[in-house]
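Labels run A, B and C following the written order; every chain starts at residue 1.
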Amino acid sequence: MAVVSVRKSQIAALLGVDWRGEDVAVERVCRIEDAGSGALVFATDEKALAEAVASRAALILSKTGADERILLVKEPRTAFALVYARWFDRRGMAGWDANACVDERSTIGPGCELGAYAHIGAGVLLGERCVIGPRVMILPGTTLGARVRVQAGAVLGSDGFGYVRTLSGYVGFPQIGTLVIEDDVEIGANTTIDRGALGETRIGRGTKIDNLVHIGHNCRIGEDVMIAAQVGIAGSTEVGDGAILAGQVGLAEKVVIGPGVIVGAQGGVPTGKKLSGPGAVFWGTPARPIRDYLKDLAALARIRRRD
Amino acid sequence: MAVVSVRKSQIAALLGVDWRGEDVAVERVCRIEDAGSGALVFATDEKALAEAVASRAALILSKTGADERILLVKEPRTAFALVYARWFDRRGMAGWDANACVDERSTIGPGCELGAYAHIGAGVLLGERCVIGPRVMILPGTTLGARVRVQAGAVLGSDGFGYVRTLSGYVGFPQIGTLVIEDDVEIGANTTIDRGALGETRIGRGTKIDNLVHIGHNCRIGEDVMIAAQVGIAGSTEVGDGAILAGQVGLAEKVVIGPGVIVGAQGGVPTGKKLSGPGAVFWGTPARPIRDYLKDLAALARIRRRD
Amino acid sequence: MAVVSVRKSQIAALLGVDWRGEDVAVERVCRIEDAGSGALVFATDEKALAEAVASRAALILSKTGADERILLVKEPRTAFALVYARWFDRRGMAGWDANACVDERSTIGPGCELGAYAHIGAGVLLGERCVIGPRVMILPGTTLGARVRVQAGAVLGSDGFGYVRTLSGYVGFPQIGTLVIEDDVEIGANTTIDRGALGETRIGRGTKIDNLVHIGHNCRIGEDVMIAAQVGIAGSTEVGDGAILAGQVGLAEKVVIGPGVIVGAQGGVPTGKKLSGPGAVFWGTPARPIRDYLKDLAALARIRRRD
């Protein structure tokens, strides 16, 4: 892999900060304990800063410090991520694997990377610079925007779980709708997202989804939503922009999660329930305001001590 | 894809209802808002009916209404699914993908569809008209009945999680049994079902299983059971006919869920526990009758208000 | 498949017990109800023993009994597993499938089995006698010790779920670390394990992981840990040697589970929490000592009865 080389002055310009000393070259990003020559590191506290200064790192992102290798930034961790994203992120550079399976009736935007045995079904559209991992399945009816990243084993556009009960057993309701994944969405390994039954399932711009998540048919997930691992979202549920669903959260059918709402890990929201309030935090099953949840725990602890 | 064309009279005959007006042709099923000429739609309330009548739909399934495009049926949603299943469901028509991996020692029934890189292991039996999605793995020891549908990425016949503890660590208990999937079972994307350790795991006729479900070794799942996404069922557990397990339910080992029992989302049933009563609804962890569960929530809310 | 034939005397020697009667040959292991000639079975109670003695089994592992086909052992189930592991376990004997995808820059130890479309990425190291199932993805940055077994569809070395929030949305934190899987680890179907962000994720020797488990970046899982199906472990969490996590347990970020700790099914451990005490059992969300958990349930039941 070609070595990337970036000057201190370029990094300072990206971050909008001053620099001094020698205009050294940075060739990689790493942890402080791995820092050799050419390394960029970041320090978030005094201890880390002392270690960074004692290391051979070429450049250090920190809130404080006088060493001339330090660039003073407000949020070192964020600055580190921005530098990485701008120059060092290698995802998307591998082109199409010879074993990618691309239906001739699909449309793939310029600059896409397709992993080994990635499966792009008939009629699928991919925007520019998508990164599709090995063994990802993108089934008919699915459209991806630009710069969507999907990790290994994910299934996009599966049939939803919808049946009607009859005297002779369950009969499948049609699952013939669409799935739209907007720009800059990222999707984890072995996650599954169903297409709409008749309408569409939609994942909004910038939303990030972890591994082993399930999103059912006709869901409408907003922009910049964070969905941690093993979250399950049943059919026809809406999640507003900027919401955060922690690990293993379960949302039943036709739930409405308002913009900016946070649901704590393993929380459960029953069918049809609405939670709202930007920054409001809900916890437990059934999910309730964290204040109430903590009171409930305290009450149980009090009763327990009394017994 | 060839266009299907079905007459109003044929649809009325399937549903066992009268029809009047012109014997129009229906060519597709869709939502009311997408209805153009040749479309079949259904309406479940007055508002939807008004929209359907105002649309260009060729035929409307509804409980009420006088428009001659309406077929009067008791359950419009069910009728719609029945028409779809009878004439419009295209699953199963694609034959064997050139890249399906079929062991020569397996037996595949007539009319099966095998997706790209579907993997059919040695000794596997598939009944007629199964639909096996891309990248599905059906491992040795597995038998499928007729019309079984398995979505992308599912793994059928994996080794169960069984170990014995010894002074030098865990040693695997033999996982050499079988997995039997009966007729008309449907299985979601990335779901995993283990074969028996020595005996068999069995999924009964007509049972429907959603995405990312885990079913352990030696489980015995009855007929027409509904298992929603991310349910986990540990080894040697039994689920009776017609039971319903909502999303993220967990059943521990050697649990017995009686016929027709309903376990609410995220409910947990501890090892060896038996739940019974057709139509009885259990909720929470440990799962208890919904009446008790609601009382517990009310008690907590009362204590909370008092504090 | 070649028939294995093992003498009663060899089995007795492995188990360190006496034998008498004829030195018969055992050719397979099975359940008592399937026992024909040449079969080895085990009995854990009087009823099973009576059935075993009445069967045509060649050899019976039991704690009691006078039949000369019986080998007297302290733990029949464990003895059965040890005999199976020593002579009858066929996993690992199939070599490389012609369709395995092995990057030329990877290193595969001697005696490994690679299933169809198993994917071994650039720079990956596999120790000797690993068994990699069909469609397993082992991504760059991953190292496996000896005798590691990975079931179908698992993804090892995926990118972790780490982002920083900026005014223009989430930006990915670098996910460029490593994943180390030590000797004798077993990993279930469709499980996902992320590599470290900058450092490493490590799974200790002898640990067993079930299906559909998620392990996040920078986790440190000890030796001989049992992790049941659908457990989710967020980033930077530590699990000590010999711990047991039952099904659907969730551990948030930076949790520390001490050696030998047991967390009951569906238990949840909040961010940064430490649980310790070998053999200590924790239950519920938030996970608390089982004694407290049972008291809480009893208190709720008491309040419920009073109402």
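FYI, a residue touches a chain if its C-beta (ideal position, glycine included) is under 8 Å from a C-beta of that chain, and two chains touch if they have at least 3 such contacts.
None of the values given here were measured: they were computed from a predicted structure.
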On C-alpha atoms alone, could you tell me the rotation angle mapping chain A onto chain B? Nearest 5 degrees is fine. 120
Give a one-word verdict, same or different, on whether chain B and chain C use largely identical residue numbers at their interface, taking over half shared as same. different
In whole angstrom, the CA-centroid distance of chain B from chain C equals 28
For chain C, jot down the residues that touch at least 2 other chains. 117, 135, 153, 190, 212, 230, 248, 266, 300
Listed in rising order, the residues of chain B that touch chain A in the complex are 29-31, 34, 75, 77-78, 80-82, 84-85, 88-89, 91, 99, 116-117, 133-135, 151-153, 184, 186, 188-190, 205-206, 208, 210-212, 223-224, 226, 228-230, 246-248, 265-266, 284, 297, 300-301, 303-304, 307
Under the touch definition given earlier, write down the residues of chain B that touch chain C in their complex. 101, 117, 119, 135, 137, 139, 153, 155, 158-159, 161, 163-166, 169-174, 176, 190, 192, 194, 198-199, 212, 214, 216, 230, 232, 234, 248, 250, 252, 266, 268, 270, 285-286, 292, 295-296, 298-300
